[in-house]
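Both complexes below contain subunit A, partnered by subunit B and then by subunit C.
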Partner chain A sequence: MTDRLHEPPLVGTGSIGTQPGMEMTEIQAGVADHTITTYEHGLEVRARSQWSYARARFFRHRLAMVGIVLLIVIFVAGAFAGQIAPYDPTLPSADITVSPTFAGHHFFGTDQIGRDYFSRTLYGIRATEQVSLLVAGIASLIGILIGACSGYFGGWIDNLLMRTTDLFLVVPALAVLLVAAKYLGHGSPVRLALLLGLLFWTNIARIVRGSFLSLKEKEYVEAAKASGSGNFRIMFRHILPNTIGPIVVAATLLTGLAILNESTISFLGFGLDLSLGTLIADGQAAGLNLWWLVTMPGLTIVLIILCVNFIGDGLRDALDPTQRRIRA
Partner chain B sequence: MSLLEVQHVKKYFPVRKGLLQREVARVHAVDDVSVSVQEGETLGLVGESGCGKSTLGRTIVRLLEPTDGEIVFEGRNISKLGAGKLRPLRREMQMVFQDPYASLNPRKRVGTIIGDPLEIHGIGDAKSRRARVQELLRTVGLSPEHYNRFPHEFSGGQRQRIGVARALALQPKLIIADEPVSALDVSIQSQILNLLGDLQEEFRLTYIFIAHDLGVVRHVSDRIAVMYLGKLVELSPAEELYERPIMPYTEALLSAVPIPDPDRAEARERIVLTGDVPSPIDPPSGCRFHPRCRYATEVCKQVEPPLTDYGNGHLAACHHPLNVDQATLERVRAAPESPAEADKSALPVDSSGPSNP
Partner chain C sequence: MLTFIARRLLYSIPVLVAASFLIFVFVALSSNPLADLYSNTHLTPADIKVIAHAKHLDASVFERYWLWVQDAVLHKFGNNLSNGDPVWPNLERVLWHTIELLVIVLVLSVLIGVAIGILSAIRQYSIFDYTATTLSFIGFAMPVFWLALILQVIFTNIYLKWHLRIFYTAQLSSDNPKYWLLDRIQHLALPVIALCALSVAGYSRYMRASMLEVINSDYTRTARAKGLPEWRVIGKHVFRNALIPLTTQIAIDFGALFAGAFVTEQVFTLDGMGHYFVVALTSGDPYPVMAWLMVVAVMVIIFNLIADLVYGFLDPRIRYD
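After this line comes the complex of A and B, so read on.
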């Protein structure tokens, strides 16, 4: 609907008439040179797509921009932990329980047996980021598949899939995670991510189903059917591209949720050997005197979650087509 | 042999209710309609909103499953074909949709939209498809440079041209145009109609042209079928329908066509139908038009009239036909296209309107 209002002025494309060439020659014949250059210039103006509006809105969303810059910095630091970390995260040193300082290059201090906490945090970020991105990917994949089938086919398939989704929603996630992590996922980021992904696809499935329910009634879907498209082609090539907006938002916010859950599990001792959650768990065992052992990884988590949520908010605002206004 | 024969096609939509989704009623969207279409002709399909004309069109191209009846295309019964066998048939019949804003995928470029049917049917390689799409763009009066644009960069009329190009891509024999101009400006309507006419000549196309605007239909059709509440009530060569409507419903429809000349408009009798179209869930007994018909008598409530052949390819289903003289009335016979439930012996005996054609 909204794009109707924002139809670009079709400057001189001259195709409304049945013979597109006609208007052009008339214009050229009747006017001075400078008009022709305007006309040609008009041709070059690229009309803006909905995506470009969304991009513009996103880039002007200050919090989201701050969020994305910070997140990239944090994630890149995590990804290159092996290169950036000044010390081996597992190697004890003589500098036992140094508080955060810039003097001895222990920015985040050291723990009771002298391991550099900045390096440990970096490695923690790496594990956390692996898990969270994998979870977002896995959950989106499952959610899209289930939601798409559910919304597109409807009927008993929809009922079956949505009742299954409800089942996953009412399951006490933490309890299941702890039990499953204990037997399956100990220490491996990939397996932990699989577990989390298998539990957290429900939200995305519902969003995708809702979009498919409304989009499958569109005439362009009928047109695709009339051209001979099969169901899967219609689902994934015609409908899915129109639901990408809400999926991206949900997946972004899910990344935050995954980090929190991974940290929780690790904190409770069922997760990874070295992640932000594990660090906090170790730190709180050390007591309040060594405050930085909890605070540094804790603040990192808070910062990541904040960034992710800001980005999610920004994307949501940017992709909302009812919102033409570009936020300052 | 006709290109397309629609034989006693019914399309009912179930109305489901309750926990068990029991079927409590059926919407009689298309109820026993038979009509044939000759190669190269344009059949106009008119009627009020909700009379089942779009449903019939969609059923013919098998976007909807017919509840009953047969659709015979080039001598082949296609009403029961599965999705796989239907695919090659999609090349033969295509559809142009009503709303050019909804019928083009907003996320796809024009080139992809028009080229999609070619890709599905594996016609040519990417390069030849591109050339073909650009040729199609030119055919429908757009410019090949529009290949990489998005639908929202076009006006309504241009979008409809894109829709037409998509329908043409597979070089179909039959095109079902579902109100292709009703969403457009009046000034643009004629452009699209002319385009469709030119294309018909160029590619020997057959059209089923669905519309609720009788003025538009008159302009394009060779024959016109009038539908009311899922039934075919009149079928006639185009000019004859306008000069000599037999069914009172058609008469009422025609009297609603605006006349640009105020004096003539003043002189004309306006027949205003009272009430709404009855619910197709529980359609009236006998002749479906009887609750709103000014000529209706007892027999109209009881007996469903057969489609009666008045000669010259003019069929109408009415107990009290208009514009028919007594001599013709004595000759008439029930047409084979009559619905199964109609009483074939209940032929009209009197004419209620002016009896000289």
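After this line comes the complex of A and C, so read on.
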């Protein structure tokens, strides 16, 4: 049996008329974005899709807009650290222990062997941003796959998910991370990101599982089954798009969590060689009277995570209006 | 109730075994507790091999895990592989230090967090509410170790500049203090403040949200409609019901609080569980690492059990059977 539901909607060729009911919703959803209903000349009503409502809600969220602009500035600065940084991040210089000043471009001061902390912070941002974005990607991928299978099929994969979640309830994630990071992730952002991703997928998986459990009972899934769609197609073409909102929100907040964990691991000396956490640890080792070495990279972390959380809140309001606004 | 407790404890045994096996394999396969011996010029590689054999380091990982289980159950986690010291006395000492810190932080942060949450909810959108919201947002964004370090920087610099000793910024106690309690408070104040900031941010937000939900519920309207005074509505009807979701949250957050204590101890070089773990992990010896993990896992399980029992006390509809 051919899978008619997923052919492009044939507007105006009579398909709506010949096959009412089943195809109506899909065709309307597909066309709604572009339909302009003309009532009278000059008085036009544009039908708006769910996405355009979500977009409008997001752009109205003032804190989220501030957050996204700031975060883009910070991340672009990190990505182009090699071009922007006024000094070499590892090269000692004669300007030792300069407190933050605009005069010599030592905006964040220098450490006890004269390395410019502004340049080092820029490189630190680069490492942090690599790790956090990778973690969000990896964790979302694993979480969506396992959550979808566990919600849709149930059975052993569902068991695996729930038992893994139990495991992390008992053993603190930070301890597991440190054990693993000591042997696997040392110095490499990609490996550290893999580790964090392999640990943090459970949250997204639980969200996806919950949505799948309720959505698989819906009529449109039944309709897709009746028209002969395979399990894979139903899961990823029909159900998944309806769970995107909560996933995006969770992935955003996970980015913040990844940054916090990465900097903690690096601070404890089991992580990267040059990241914001390492810079703070270096600052502590250099002596507490050089306050800027600890303060400046730390403020950068706080700023990044504030932005990420604001964006997450904005996305939650935009994409997931049913969820209550509790930040726990 | 007793059967409930017994069943919960029984259920957690397989989880403990699985977690311990995974971690053991990980640590045992990837590190060598005798690594330091190679730099010792008095020992030949053959000598080290003999030592390794005596400690069963050349056995398969399953045998080693089984030996560890025996040691853990029969000999209080056995002796360190690296230097032969018994594991338990050291671990017991740091365990009590960490429990001391955690209990103080939990009590203080729940009291403060609940108070702020209630005030924010009954004066929603007031200046107090907005200030609390802003501060908690900043609290969420701050890594604990950084807040701890900033406190350390501030109080160290106060001491360096004016020779004013308000709080100590390292260690757990001084040698031969004059007033033991005062000395302990001066030492623990900064770690407690750093840890409380994080928890208070979470608890106050959570309390505010659940208070607001109860305040807008039908039975609160009923309570007001039948003419109860406001303090009675809030104190008796709203407050108690709002505490229920908070209890769950505190139990869930316990792991995060423990991780926070972990790094805070590291910053203030407190002789606690976090410090112990980092030293053990650096030495690559599976015995102290494993003992630490088991103790922490049992702590988490007990804590969750207590939270469940408190939950039943707050919500009489819940029956344990």
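Everything that follows uses one rule, which is that the second predicted complex is superposed on the first by the 267 of 328 C-alpha atoms of A that agree within 3 Å, B and C clash if a C-alpha of one lies under 4 Å from a C-alpha of the other, contacts with A are read in each partner's own complex, and residues count from 1 in each chain.
Just so we're on the same page, contacts are C-beta pairs under 8 Å (C-beta built on N, C-alpha and C of every residue); 3 or more make two chains touch, one makes a residue touch a chain.
This is a predicted model, so every value here is computed, not measured.
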Worksheet item: When the two structures are overlaid on chain A, which partner does A:Leu288 contact: first (subunit B), second (subunit C), both, or neither?
Response: second
Practice prompt. Examine A:Val135 and indicate which partner it touches, taking first as subunit B and second as subunit C; both and neither are also allowed.
Written response: neither
Discussion item. For the three-chain arrangement built by superposition, which of subunit B and subunit C touches the greater number of subunit A residues?
Written reply: C
Discussion item. Touch test for A:Ala127: subunit B only (first), subunit C only (second), both, or neither?
Written reply: neither
Worksheet item: First (subunit B), second (subunit C), both or neither: which does A:Lys225 touch?
Response: first
Item to complete: Quick one: classify A:Val249 as touching subunit B (first), subunit C (second), both or neither.
Response: neither
Worksheet item: What residues on subunit A touch subunit C, complex-wise?
Response: 163, 166-167, 169-176, 178-180, 182-183, 256, 260, 263-264, 267-268, 270, 277, 280, 283-284, 288-289, 291, 294-295, 298, 301-303, 305-306, 309, 324-328
Response to the item:
subunit B partner, complex, touching residues on subunit A are 1, 3-4, 6-8, 10, 13-20, 47, 49-50, 218-220, 222-230, 233, 238, 241-242
Worksheet entry | Complex contact set, residues of subunit B against subunit A | 58, 61, 63, 83, 86-87, 90-91, 94-95, 97-99, 101-108, 116-117, 120-121, 141-143, 146, 149-150, 152-155, 157-158, 163, 166, 169-170, 188, 191, 194-195
Worksheet entry | subunit A partner contacts - residues on subunit C that touch it in the complex | 12, 15-16, 18-19, 22-23, 26-27, 30-31, 136-138, 140-146, 149-150, 152-153, 156-157, 160, 169, 202, 205-206, 209, 213, 249, 252-253, 255, 258-259, 262-263, 266-267, 277-278, 281-282, 289, 292-293, 296-297, 300-301, 304
